[in-house]
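Naming follows writing order (A, B, C, D and E), and every chain is counted from residue 1.
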Amino acid sequence: MTAAELDAVRLTLALAGTTTLILMLLGTPLAWWLSRRRGNLPALVEALVAMPLILPPTVLGFYLLLMLAPDSAVGALWQRLTGQQLAFSFSALVIGSVIYSLPFVVQPLQAAFARVPTTLLQAAATLGATPLDQFRSVVAPLCRRSFLVAACLGFAHTVGEFGVILMIGGNIPGETRVVSVALYDYVESLQFAEAHRLAGGLVVFSLLLLFLLYRNNGRPRADQQ
Amino acid sequence: MSALDLALRCAGADGFALDITERLSLTGVTAVFGASGSGKTTLLECVAGLRAPEPGSRIAFDDETWVDTGHSLPPWRRGIGYVFQDARLFPHLDVRGNLTYGQRRKVSAKGPTLAQVCAWLGLQDLLHRAPDTLSAGQRQRVSMGRALLAAPRLLLLDEPLANLDGDSRRQCLAALRHAIAASRIPALYVSHDAEEVSHLADRLLILAAGRVTEHGSMLDLSSRIDSALAKDEQAAAIVHCQLAAHDSPFGLSELHCEGNSLWVNHLPGEIGSLHRLRIPARDVSLCRELPRDTSILNILPVQLDEIEPGDAPRLLVRLRAGEQFLLARITRKSATALQLKVGDKLFAQIKSTALLTETAEPA
Amino acid sequence: RVAVAANFRAVLETLAPDFEAADGTALSLSSASTGVLYSQIRHGAPFDVLLAADSERPALLEAEGLGDQRSCYALGQLVLVGSDSLDALANPALSLAIANPATAPYGLAAGQVLARPAYAAGQGRKQVQGNNVVQTWQFWHSGSVDLALVPRSLAGDRGIPVPAAWHDPLRQEALILNSERSTAARRFLAWLGSPPVQARLQAAGYGPCP
Amino acid sequence: MSALDLALRCAGADGFALDITERLSLTGVTAVFGASGSGKTTLLECVAGLRAPEPGSRIAFDDETWVDTGHSLPPWRRGIGYVFQDARLFPHLDVRGNLTYGQRRKVSAKGPTLAQVCAWLGLQDLLHRAPDTLSAGQRQRVSMGRALLAAPRLLLLDEPLANLDGDSRRQCLAALRHAIAASRIPALYVSHDAEEVSHLADRLLILAAGRVTEHGSMLDLSSRIDSALAKDEQAAAIVHCQLAAHDSPFGLSELHCEGNSLWVNHLPGEIGSLHRLRIPARDVSLCRELPRDTSILNILPVQLDEIEPGDAPRLLVRLRAGEQFLLARITRKSATALQLKVGDKLFAQIKSTALLTETAEPA
Amino acid sequence: MTAAELDAVRLTLALAGTTTLILMLLGTPLAWWLSRRRGNLPALVEALVAMPLILPPTVLGFYLLLMLAPDSAVGALWQRLTGQQLAFSFSALVIGSVIYSLPFVVQPLQAAFARVPTTLLQAAATLGATPLDQFRSVVAPLCRRSFLVAACLGFAHTVGEFGVILMIGGNIPGETRVVSVALYDYVESLQFAEAHRLAGGLVVFSLLLLFLLYRNNGRPRADQQ
């Protein structure tokens, strides 16, 4: 593996890791809220969360670029706060990936949360558990597998994403040039041997990781009740 | 005296509505009785805060307002222990995890230890088991243990013994009595079993179609022949007695009740201590003459106080023994044959084998 | 920092070490399609030089005041792959891949070639559009189409050249972008225009700028 | 005669193993009795095909092999009706949908109609309700109705009446008896309630720690003083009688049993028809002389046949009345006072109010 | 809306509709199988299903193109069977979309299926329901919401996809030029006004659709048990 590729791998892992972390932190309460409420507002929020799915990544990336550019409100604010430009930075990639991958995290979590029996939460409440405690001690362990699925989808999708990332990241080596973009570069510049190698490595690595994850987190009996 | 003040309305499906305005005394056990669908579970859920009653309802526990207009104390701050009709164990925790769930969250330092509760309910060998490998009765016992370990201020029990066999039932009943007596936790106890209730309860609340039809002390209600309780096959009177002697060779104890002796199963307790006895109406028969050479040890002279009117094949009669009352269920045919009428002096025969049931607390 | 059109990246990567050795300045290559690069530069991308695949977008950027010293660094050459003769373009039985005329200059050029009366007979053929020239070449390379009109830089010596007069010149222009490293950028462009480098570009399939 | 052949081994958690080799006769009801965790549910699940027994096990229903080495008939082809300990209603279907789920899939044309089952179990007003708006007892009744409507070849009932109050219990018990008698479906019936069982069961299978400790006809087992059944508070003998007369004014019927009269609650049936009576041991007392002027209508001359040995406070004695047997539970003190010994001629007093329980089928 | 755009919309709906249909037909049994088995094979299959997530769409498209080309085994077989070329056909788009969107359908369904209580299936079995019947009459209605989520994710993702489609579709107007590709073309050719218009239409339409869907299929009580 070349040094440039190593750079790209490092960057990809950092990006996917950060994104997944933020996604889980953000997506969990959102999904919980959505799963417990019904009405117009939640339905609207739910639809909004699904929006990034509809737009082609480059197009979404284009709009994100408009949003994050230095002359936009968000971009300007960021620049005032951090002194750095937002667009074409690692932070921009994280923001883009979070928005893009949000539905992959929220939707499975929401479906899982909705199926946690209210009766168990009631039992926990009578035993002195506050709602947060109920979530931590009952909902979370019962939905372990769905958390896994959500994190996997979020992570994998961030790894595989490149349209948005290319657009708002700018393919800058060591900064925003992640594996998917590098792979794209290889294919675009007809370096098929390198492309095969990188793609093969990516596939084998992910396959192994997912395989181990899925095997050891099979279908626990506890999840079925 | 502490009390649970209820002014509740809570609608269910199909026009059902629980509608209760009542002040429940909070010492000992209040049994909640009523047919299937009469609103017993609904009542418990409202008290626990799991179901929201209609606006205008009020619940106050001692001086603490739990529900009032625009205010509802959440369940986790009411300090209750709820044993659900379905056990509702946490499937992701083993038995130990389930048992200690409430214990780890309790606010008071009181409450029994894990070891105690396990011994009471026979759970020692199950601690590492997953709930879905338990039999129904085992699950129910774990659920009881979980509620007791949370050291609640009020116990709500919804047919906790429904799935248990005779022996486990007796064991758990004893455990409940013990826990309730030791920690003086008041309890609302839903049951379909009159006998179970009379072992445990001090007061009785009878529901029919969402409304209270009777509410009072177990003692008063059980000596009436017109109460809903009297209709039950298990109707029984409760009498106060004093422990007079132990007959160790035969494993019996002698009680004095209004100047007469009653022989019952050996009772733990000191000579002179006061006890409450449950005497099922179906175990009492009447004679005009004192029977001799009979296996029935307990024969009380009584005076006929009241006869249930109507022309059912069986009648309930109330008998006065000194200041107290017994109930007897006899056929109308016998009543006619014996020409029973109010004021008759009679002998009530009570099989001592039936007198095994001391009720909740020494009175 | 060089923003380079995707199809020029491979060539530039082989040349880059020479410049770095000669000048002592490290090159950082960022590639995307010219359209994406344009959007990025308009929204503050931190590049010093743009090597576009056309002349239109550098011109737009220059007009918007984001750069200057627009210059041609190479001329594209269109070739036909998949046949020994240009006459194949008149055969409707053979499928053809071209780049998207709306987004790629090579596509535009290909369209101009196909519009020639001599190839009107080929109108009914199955014709697919690649998103860019690379994809067009991949279509042909995978065997999914019989013919493709692609740059000579991709085809190597496999294709037969299409006369340059049949289409507008394929000027690939560079632009010095506003940044504090514009002197290094100017040195880079001067090096790119130097005869030895130009000779290597021609070997790679590019023509000399007029 | 049709039978269920079992040669079962099925392990549970913590070394528990169900281990049964038995041939269960398939007419009428076989009650399955045993402490909590003794393997009753496990047995039913193996028979239903919901749990796979260990290799080498065999189950055959009549001539049909259900389980054998390398073969297991799937549950949906066994034609069973299973009433689960938890009701297991389908949450996405209303009561009607739940009730007709099995009916729509049944293979035989037999079986009761929806209207019949609703009437038996009192479900008419619940048809459109969602399961989660039902009370526990209501759910349990729907679950019974669902199984009955599937017109099964074998009913498996796991404590179907556990959550019901006295009235609903009697109603459902009657419905079950009726359904079982009308369609002649054999049934395995798990219960903790000896009285319930004796109303319904023809045979009894007693489990302890996964093994059969007793198996036989209700009649035989119930007249023994050394059976597990005898230990139960509800121990009772069962006797055959013939309906001799109706006493309509008093709502009673007269039965003849070994030449003696017994008065019981009015029984439907023609004069001369045969009946089985359950006589609880605790309702029987003994005298040496014929008692007079007593409210007890039923007094039988008996001969003392066997006395339970041991020094428990209470004893079970077996009494011969002609060819049949009664049980009586008396205190050891009485036995000593009366100087009871085998062969004594005595009078057994049975309260007629206790004799209300005709068992399953006319014998 | 121009005629060309209308064509693209028509094509997009046809593609997303067909793909979603196939995805549901294929993904449901697959998810069911995965949810009921544990071991190495299911874990491997699960990991394989997730693979398309990892690869950037254009790269995935490139490999798919190699797979579907006339001289490949699949392409040749197809050509023998149908007499038509597979690559650059609508069928190729469907195949590509199905592969690409499979994880979005399988994962939520699998998580939902795993949580259907076995006890209910047992009850159904004793009432005479065969496994297929159990699925139809118990699992399907209980997982109604998860089917909705899966179909939405699958549909939306097919609509938004363009990397794979561009690669194996060839951007042929009226045949393989779907909305996402058209939108991409607008952005690439600097026709921003058109891009805004098309993207806006897409977003508003999808938002409305999803909103109505989510509102009317809130969190049914039955799903919670």
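What we mean here is this: contacts are C-beta pairs under 8 Å (C-beta built on N, C-alpha and C of every residue); 3 or more make two chains touch, one makes a residue touch a chain.
Being a predicted model, the structure only gives us computed values, none of them experimental.
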item	value
Touching chain A and also chain B, the following chains	none
Interchain centroid distance [CA atoms averaged], chain A/chain E, Å	19
Chain C and chain E: spacing of chain centres that average the CA atoms, whole Å	35
Approximate Å spacing (C-alpha centroids) for the pair chain A, chain D	60
Residue list for chain D, restricted to those that touch at least two other chains	86
Sites on chain E at which at least two other chains make contact	62, 184, 187, 223-225
Shared interface positions of chain C, touching two or more other chains	36, 39, 138
All chain pairs that touch each other	A-B, A-C, A-E, B-D, C-E, D-E
Complex contacts: residues of chain A adjacent to chain E	35-36, 38-40, 42-44, 46-48, 50-60, 62-63, 103-104, 107-108, 110-112, 114-118, 145-146, 149, 152-153, 156-157, 159-163, 180-181, 183-184, 187, 195, 199, 202-203, 206-207, 210-211, 214-215, 218-219, 223-225
Chain A-facing residues of chain B, complex	48-50, 74-76, 78-82, 84, 86, 88, 90-93, 101-102, 105-107, 130, 132, 146-147, 150, 156
Contact footprint of chain A on chain C as seen in their complex	1, 3, 6-7, 9-10, 13, 28-32, 36, 39-40, 43-47, 132, 134, 137-138, 154
Residue numbers on chain E that touch chain D, as the complex places them	119-120, 122-130, 133, 137-138, 141-142, 144, 221-225
Residues of chain D defined as touching chain B within the complex	12-14, 34-37, 40-41, 85-86, 125, 129, 133-138, 141, 158-159, 162-169, 192, 194, 232-234, 247, 250-252, 263, 265-266, 282-283, 285-289, 291-297, 311-314, 328-338, 349, 351-354
